[in-house]
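Provided herewith is a single structure, encoded as structure tokens, for subsequent inquiry.
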Amino acid sequence: MPNRTPQPTSTATTTTVVTDIEVRYAETDQMGIVHHSNYLVWFEQARTRLCLETGHHYADIEAMGYQLVVTRTESRYLRGARYGQTVSVTCWLERLSSRGLRFAYEVHHDDDKLAEGATEHVWVDVARGRPCRIPSQFEAPFRALAGR
Amino acid sequence: MPNRTPQPTSTATTTTVVTDIEVRYAETDQMGIVHHSNYLVWFEQARTRLCLETGHHYADIEAMGYQLVVTRTESRYLRGARYGQTVSVTCWLERLSSRGLRFAYEVHHDDDKLAEGATEHVWVDVARGRPCRIPSQFEAPFRALAGR
Amino acid sequence: MPNRTPQPTSTATTTTVVTDIEVRYAETDQMGIVHHSNYLVWFEQARTRLCLETGHHYADIEAMGYQLVVTRTESRYLRGARYGQTVSVTCWLERLSSRGLRFAYEVHHDDDKLAEGATEHVWVDVARGRPCRIPSQFEAPFRALAGR
Amino acid sequence: MPNRTPQPTSTATTTTVVTDIEVRYAETDQMGIVHHSNYLVWFEQARTRLCLETGHHYADIEAMGYQLVVTRTESRYLRGARYGQTVSVTCWLERLSSRGLRFAYEVHHDDDKLAEGATEHVWVDVARGRPCRIPSQFEAPFRALAGR
């Protein structure tokens, strides 16, 4: 098809999922707000939901012999979350390489942004106990998540 | 003292260990005291120390293919523990049967008793995935813990 | 309707609420199942939902100057919960007295009962820092929860 | 002493404290290693010990009406920690400004570095509910921690 304008390579868009999480009393600390360590647990719950968009629950990815081991986390805290609130955690796949990926997160309550963060992971082949390239069956679905 | 009743033959006594635990900020909740769920984690840390008295770290017992699966827990809370305190958790083996055991716990801060509790466990053979009798190599050391 | 048999005075029934909770990866332990301490946190989340049936979020009860301090917990564990599952926690008010209450819980996954438990609480007047009778504004709604 | 090379103005050195932490069973996850969120809790325990070097337990700093609210955390994970191990968390004050500070951390097990990270904090005046300059009574001791 000669003179056709080439498709832009990035019409596809990044998949974003929002997970609502009810703040638990046990998650608060004596400051009266949620202890900062719990945001990593919330990020993980949001990541679980996002992964589900690949068609595989992360539990099944592990059952197939692969893990997405956390190599790095970052969080920035803007306002405290409180018991009685339900927060929304937005998650998307920010970066994808042949051996790892980086997810990004934002936590909101109503119109307030409470926190944002990112986690980086590498693929690990459990049987061999070491990092590996992204398993071929996950390549297309994770690319799709990243909008590529 | 002629007519005195003879000493019972079981002078052996139950082994008791005391584990000091520094209260963590993350363990407090918005009441300003330690959230009650953390006592189960403290009990477990104390139980780990007590098990060590058998000559086997509990991690090694698992590595040998057995687990002491928790079947029941009970706690009574008398006073709250606070960040800045170091609490003492006393633990002993309260009951021992052929298939399970029951540990008891007391948590103190200085002269105050903060809590007491108990946990019950059954032996599980990991390879078979089901409950089993106490493995023979652990029978004598656990009996000794119980003072028998 | 003249000859109708009078309604028994206690047709009222105990209010039961069911809370669905998605198992979090962080809640599992190296046995591959949810660590037993997390059930107390789940019970609390279920209790929060039940309390909401009184018309007051528990966060508001605290804001009004009262706490329901935990004095006792019990749990029995039948089967492990796993990451990838959503469990259902049923909660109801089992006992109500002038100074405290006892909630009961059951945790299910599909048709399997995973655990059951109970927690006991006393009312505390925060300003005075000590136990008190149930505040008058909460008496009717909590009685209603208990089906009385 | 004429020809002597002048002393560098910063002979004072940064205070470093090492805190030993016994890995708790509850801290592991189904990967068989410590869940990454627990490192933030370990960092906090190490930071508590370091703060003690100022002559004030952090609990007392809060009791005096100030908080060091967490605004940012970062962690890099190199190897997993396991139940049965005791890890060492090294902590020091990496940066100090008039309104905040940054602590750095390294976690080791024997000769292996397991993780490293940092946390940033701002001073908050609790009564006013907002950020403030470092309270004057803490300025000298925190400067000393930073080796200035």
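Letters A, B, C and D name the chains as they come in the text, with residue numbers starting at 1 for each one.
Going forward, a contact is a pair of C-beta atoms (placed from the backbone, for glycine too) under 8 Å apart; a residue touches a chain by one contact, two chains touch by 3 or more.
Model, not experiment: these values are computed from the prediction.
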item: Most remote chain, CA-based centroid, reference being subunit C; value: D
item: Copies subunit D and subunit C - interface residue numbers shared by over half, same or different; value: same
item: Chain centre separation in whole Å, for subunit D relative to subunit C (CA means); value: 38
item: Distance from subunit C to subunit A - Cα centre to Cα centre, in angstrom; value: 32
item: Shared interface positions of subunit A, touching two or more other chains; value: 25-26, 30-31, 37, 40-41, 44, 83
item: Interface residues, subunit B side, partner subunit A - complex; value: 25-26, 28-33, 35, 37, 83
item: Residues of subunit C touching subunit A in the complex; value: 22, 24-26, 40-41, 44-45, 48, 57-60, 82-84
item: Complex contacts: residues of subunit C adjacent to subunit B; value: 30-31, 36-38, 40-41, 44, 62, 67, 69-77
